[in-house]
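Note that subunit A is present in both complexes that follow, paired respectively with subunit B and with subunit C.
Right, the complex of A and B next:
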C-alpha cells in the first residue's frame, strides 16, 4: 500500500498520524457507517477543527471529513515552494466577472487542518463596530452576534492557539494579554514601523499563531520563513497541531481524503447523513446533525449540489442567498528597494501591522483596511514581478538580484458584500462527477476607492523611509467570506447566530461563509471564535432540549 | 480536555526528574549542617579573627568568580550570536576571563593582604559592567520603537552587563575585607563589611531577578518552573537585606537556607535551560543553533554567585557583631 498521504488515507484502522513524531501514530476511535453519529463535520479548518474538538470534548460522537491528506509536518513538508502547492485546493473552478478571482494559494486549503496549514498565521480581532456596521458605520449589514460575546470567544481562541502578540495592542477595546509574547521583528517589519512612525500612525507586532516559546510538543519558531506554505517544525499553531489532536484524544474520528459530495435529507426534511468518496468508492455515513465547514466556495457548492425534489434550489436555500454575497479581501501591495540589506524572507512574513485605517473613519469610502510587512519567498516573488510588474527575461533576473534589499507593504482590505458576487454551479464536472463551482466576482466603486487610498498610503510610507524603485501590485486579492451569511431572519440570511440553518434544523454551517461582512483583517481568528461559540451553543441547546436528537 | 501545553516524552520526564531533584536539594539545604558559629556572650567583646576575615574574603572571590564564569560563557554565546558586530563586544569576554582568573587566584590565596593585580582587574571589571550597560541601553534606544517591550526583549539585554559589574564589585569588596588589620573588624568605606556585602548582594539579586523576570516574561512563562527564579530570589534578597540591616552576631538559619536555596536554584536553572534547549527544533542534535537561540544555559548561575556572596556576608555578620 502506498504511504503517500495524497493517495492513501492515513486515518484508518483505529489510528491517525501523530503530527509531532515522524512515522508516529495516535489511537483514533472509529464509528460504523450505518449507525448515525451525533455530528458529521465537513471540513477540518479554522471552523471545522474547533467544532470537532469542542463537540467531542462535550462527549458527542463526531466525525470530521476532509477532502485533503493527513500530513505529518515534520516529514511531509519540504522547504520547497513548488512542492508545497500540495496544500492548496487546485481542483478546477470556473472564474468570471469583471475581476475574476485567482483561486488556489491564499484562498483555499486541501488538507486536514484546512488552509490553516499554510496560512500566514495572522490572528486579528474584528473591530467591535463591524458587528453592527450597518447601524454604526452605515454600510454592509449587521451581524446577529454581539461583539462583547465575540470578545470572550476571541480570548478562548487566542489561548487555544497560543497566539504570540504584543504586550498591549494599540487599537480597539482592551483585550487580555496574548498567551505568548510577540516575535522579534525582522528588517521588513522594521521598515513598516519606521514608515508608520513617520506618518504619525501607530504600529504593532502582528499577533501570530506561531509560538515564540515551546508549547507542548511544538518547538518555538525558528524563523525559517516558509510560513505561507506548510510549517515543517510545528511552531505554527494550525488546526492540524492544535484542535485536531485534541479532537482525536476526546474520541472524534477524522476521515482524510474523504470528499463529501452530497448531504442526504430524509423524508421529514432533516439531514440524515453524507455521501462521501474515499478509497475510490462512494460511501454513506449516517448522522444526526451535519455541519458544513468547507469555506466560501465548497460550502455553497455542497449545499447546491445536495438539491432534492423538496429543496430544488439546494439545501438551506429558501432565501435564495446560498452562494451570494461572496466577498474577498483586497490584497494590493507596494514594493520598494532599500539601500541596506533587509532579508525580508527571514521569519514570518507579517511581523508588524498598522490597523490605522480600520479605526480611523475620516475617509471617503466605507470599510477599513490594515497593512502588514511582507516577505514573499523567491518563487512567489518572481511570480509577482512577472505577473503584476510584467517583467521578464534579463530585466526580471536583474530585479531579482535585489531580493535581499526588497521591502513591501500589503493591505488586507474589506470588500463590501454584493449579491452579484457569488458562487454557483457550472455544467462542468470534476473528478468525482460533481458539478464544479463557478465563482463570479467584480469590484465595485467602494472597493476601488479603498484600494487606491491604501496604495497611496502604503507608497507614502515606503517613500518616507527612503525606499527606491517603488511599484504597485494592483491585482491581488486573498481571503474569502460570505455565501451563506448569518442573520436575524430567514428571508435575508442562510443561518442564524448559532450557525444553524433556518430551513433544516439539524444542518449547520460554520466557516467563513457565514460572514455578513468581512472586515479589514484576516478572518481566521474570527472563524475560530464563531466555531467555539457554536459548539457552546449546541451544548446549551441540547441541554435545554432544543435540539431533539 | 487533553493537555496540549506540556511536552510529552523525554522532555516531560527530564522536567519531572529535575524538578524533583531541585526540590530534594532545597529540602537537603534545610537540614545540612550550618557552619559552626561563635556563641557570643553579650558581656564579652569578641576578638576579630584574622583567619575568618581571610575566609570571608576568599568566599567573596569565589562568588565573584562564579559570576564571572557565568558572564564569560553567557556573553561569549550572545555576542557570538551577534557576530561580534562591534569590536567592543569582546570586552566582557576579556574582563570576565580576567576576573575569573584573579578570582581563582584569590580563592586559593591565604595571605592577609590585597593583591594589586586582583584589585586592578576587579575595578576594571566593575567599570566595564557600567560601560556595557550604557552600550546596551544605547542599542535599545536606537531601534524602531525605542524603549519598548519589543526592544527590551530582543535588543541588547540592559540588565546583563550589570552581572559582570557585580563580579567586579564583589571582588573589590573581597580585597577590602582581606586587608583588614589584625584585631579589627572588617570595614568597607567606613561601614561594617558584612553589611555592605549583604546589601550589595541583595541589590544584585533583585536586579538579576528583574533580568530573569523580563526574559521569562518574553518566554510567556510557558513552563511553571520559570516562576521559580522570579519568586525565590526576591525573598532571598529581602531576607538578606533584613539580616544585613538587623542585629549582627546572631545565627541566621533562615537567611542561610534562603541563600543556599538560591545557590542551588542557580545551578539547577542551567539544567532547566538545557532541557529547554532540547525542546527547540531539532533538540540537542541541533545544538549549534539551539544553544544560541534557546534559553541561555550559562545565565542562571549568576544567582549562585550572588547567593555565595550573600553567604560570605552572612558569615561576616555572624562573626563580627558590630553593635
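Right, the complex of A and C next:
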C-alpha cells in the first residue's frame, strides 16, 4: 500500500501518525460506524481542532473528519513553495462578482490541522468594541458574545498555542504577558517600526504562534521563513501539533482523507450522522451531534448539499442566510526598495505590526485595519509583481532582481458584511460528484474607502524611511469569514452564541463562518477562542440536562 | 542579451547536501529538475506556440541553460493540477489553455500569415499585448475572454514556473530551501555564510570567489 499521505489514509488500524517523529505512530481509539458517537466534527482546523480536543477531554466520544491528508511535517514538508501546494484546497471552486476572490493558496487549506498548517501564525485579539460594532461604532451587526468572556478564552487559546509576543501589548484593554517571549525582528520588520515611529504611531512585535523557546517536542523557530507553506521543524504551533495530539491522547479518533458529502437528518428532524468518502467508497457514521467546522466555503456548501424534502433550502437555513454575508479581509500592500540588503524572507513573514487604525476612530469610513511587515517567497512575490504591477518580459526579471532589497507593508482590513457576497452551489460537480461552490464577491464603497486610506498611510510610512521605487498592490484579499453567522435571533442568524443551529438542535457550526463581522485583525485566534467556549458551553448544557443525548 | 549578474558564482544547488535541505526537499527538487522536456499533454503545434509565448513572457539569458517553462505548463496540464479556483467566465484549465494557444496561433495567421512561433519577437509581443488589454480579435477567441486568460493563465502559470526553479533563485539571490538550518543573522545588512553576496560594480571577481564558498 502506498505511504503517500495524499493517497492512502494514515489514521487507521488503531494508530495515527506521530507528528513529532519521522515514521512514528501514536495509539488511536477507533469507533464503529453503526454505533452513534457523541460528536462528529467535520474539519480539524482553527475551530475543529480545539473542539475535538476539548470534547474528548470532557469524556465524550468524538471523531474528527478531514478531507485532507495527515502529515508528519518533519518527513513530508519540503522547503519549497510549488510542491507545498499539497497543503491547499485545490479542488475547483468558481469565483465571480465584481471582485472575484482568489482561493487556493490564498485562503484555504486541506489537511489535518486545517489552514493552520500553512497560516502565517499571526495571533491577535479583536478590539472589544467589535463584538458590539452596531451599537458602539455604528456599523455591521452586534455579536451575541460578550468581550469580557472572550478575553478569558483568548488567554486560554494563547496558552494552548504558546503564543510568543511582547511583554506589554500597546493596544486595547490590559492582557496578561504572552506565554513565550517575542521573536527577534528582521530587517523588514524594523522598517515597519521606524516608519511607524516617524508617523507617531505605536508598533509592536507581532504575537505569533511559533515558539521562541522549545516546548515539548517543538524546537524554537529557526527563522527559515517558509511558514506559509508549512513548517518543517514543528516550531509552528498549528492545530496539527497542538490540539490534535491532545485530542488523540484523550480518546478522539481522527479520520483523514475523509470527505463528508452529506449530513443525514432523521424523521424527527435531528442530525443522525454523516456520509463520507474514504478509500474509494462512501460510508455512513452515526452520531448524536454533528459539528461543522469546514470554514467559510465548505461549511455552507455542505449544509446546502445536505438539503432534504423537509429542509429544501439546505440544513439550518430557515433564515435563508446560509452562504450569505461572506467576508474577506482587504490585504492590499505597499512595497519599496531599500539601499541596504534586507533579505526579507528570513524569519516569519510578519514580525512587526501597527494596529493604530484599529483603535483610532478619526476616519471617514467604518471598520479598522492593521498593517504588518512582509517577507514573501519568490513565487508569491512574482505573483504580486505580475498580477498587480502587470510586469512581464525583461522588466519583470529586472525588478525581481531587487528581491533582497525589497520591503513591504500589508494591511489586514475589515470588509463589511453584505448579503450579496455569498457562497452558493454551481452546476459543476467535483471528483466526489458533489456540486462545487460558487463564490460571489464585490467590494462596496466603505471597503474601497478603507483601502485607499490604508494605501496612503502605508505609502507615507515607506516614504519616511527612505524606500525607493514604491508601488501599491491594489488587488489582494485574504482571510474568509461569515456564511453561517451567529446572532440573537433565528430570523437574522444561522447559529446562536453557542454555535448551535437554530433549526436543528443537535447540529452545530463552529469555525470562521460564524463571524457576523470580521474585524481588522487576522481571525484564527478568535475562531479558536470561540471553539474553546463552545466546548465549555456544550459541557455545561449537557450537565444541566439541556442537550438530551 | 547582456545583463549584470548581481550574484556571480552563486549556485543554490551547491547547498543540496547542507543542513539547509532535507530529504523531502531533495526529492521534490530532483523531480523538478528532471521534468520531461517533450509535450505529453499538448499537441506539437500547441507546444510550439507555448514555447514561443514563454520566451516572451520571461526572456532568458543566452549564457546558461534556459528553464524549460513550457515543460512545466505541460506537466501541470498533464496532471490537471489546479489552483483551487477558477473565474466563472473561464473554462477549466486544460480547455482554457488549449483554446488560448489555438487563438494565439489563429490570430498570428490572420494578422501576419505566419505561425505564432515563426513571428518576430515584436509581432509576438504585439499579439500578447492585444490579449492582455482585451483588444484581441474576438472571432478567433471563440467566446473566451482573452485578457482574463492572459492574466489567470499566461502570466500566472508561466511566471510561477520560472520562480519555482533554482536557476531563478541564483539570479535574485534567494537563499533557497532553508530547513532544518534556517537563518541566524536577522538584521539589515547581515548575512549568514550560507547566503549569497551581492556584487557591486567592479567587485565581481571577489564576490564570485565568495559565492563559490556558499554552502
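The criterion applied here is as follows: the second predicted complex is superposed on the first by the 549 of 549 C-alpha atoms of A that agree within 3 Å, B and C clash if a C-alpha of one lies under 4 Å from a C-alpha of the other, contacts with A are read in each partner's own complex, and residues count from 1 in each chain.
What we mean here is this: a residue touches a chain if its C-beta (ideal position, glycine included) is under 8 Å from a C-beta of that chain, and two chains touch if they have at least 3 such contacts.
Everything numeric here is computed off the predicted structure, so don't read it as measured data.
Enquirer: Would you check which partner chain A:205 touches, where first means subunit B only, second means subunit C only, and both and neither mean what they say?
Expert: A:205: touches subunit B, not subunit C.
Enquirer: In the superposed model, which partner reaches more residues of subunit A, subunit B or subunit C?
Expert: C
Enquirer: A:152 contacts which: subunit B (first), subunit C (second), both, neither?
Expert: After superposing on A, A:152 lies clear of both subunit B and subunit C.
Enquirer: Mind working out whether A:233 is in touch with subunit B, subunit C, both or neither, as first, second, both or neither?
Expert: Both: A:233 reaches subunit B and subunit C.
Enquirer: Report for A:222: first if it touches subunit B alone, second if subunit C alone, otherwise both or neither.
Expert: A:222 contacts both subunit B and subunit C.
Enquirer: Looking at A:184, would you say it contacts subunit B, subunit C, both, or neither? Reply first, second, both or neither.
Expert: After superposition on chain A, A:184 lies in contact with both partners, subunit B and subunit C.
Enquirer: Is A:175 touching anything from subunit B or subunit C once the two structures are fitted on A? First, second, both or neither.
Expert: neither
Enquirer: So, A:363: does it touch subunit B (first), subunit C (second), both, or neither?
Expert: A:363 contacts neither subunit B nor subunit C.
Enquirer: So subunit A touches subunit B in one structure and subunit C in the other; where do those two contact lists coincide?
Expert: Common to the two interfaces on subunit A: residues 184-185, 190, 222, 233.
Enquirer: Inside the complex, what are the residues of subunit C that reach subunit A?
Expert: My answer: residues 1, 3, 6, 20-25, 27-29, 32, 56-59, 81-89, 92, 125, 132, 151, 155-156, 159-160, 162-164, 168-169, 171-184, 186-189, 191, 195, 198.
Enquirer: Can you name the residues of subunit B that touch subunit A in the complex?
Expert: The contact residues of subunit B facing subunit A are 1-9, 143-145, 149-150, 153-154, 217-220, 222-223, 276, 279-282, 289, 293.
Enquirer: Any idea which subunit A residues touch subunit B in the complex?
Expert: For this pair, the touching residues of subunit A are 20, 57, 162, 164, 166-167, 179-182, 184-185, 190, 193-194, 197, 205, 212-217, 219-220, 222, 233, 235, 242, 245-246, 249-250.
Enquirer: Per the contact definition, I'd like the list of subunit A residues that touch subunit C in the complex.
Expert: 74-83, 85, 88-96, 100-105, 108, 184-187, 190, 221-226, 232-233, 338, 340-343, 345-347, 377-379, 381-383, 386-387, 390, 392-394, 396-398, 400-401, 403-404, 426, 438-439
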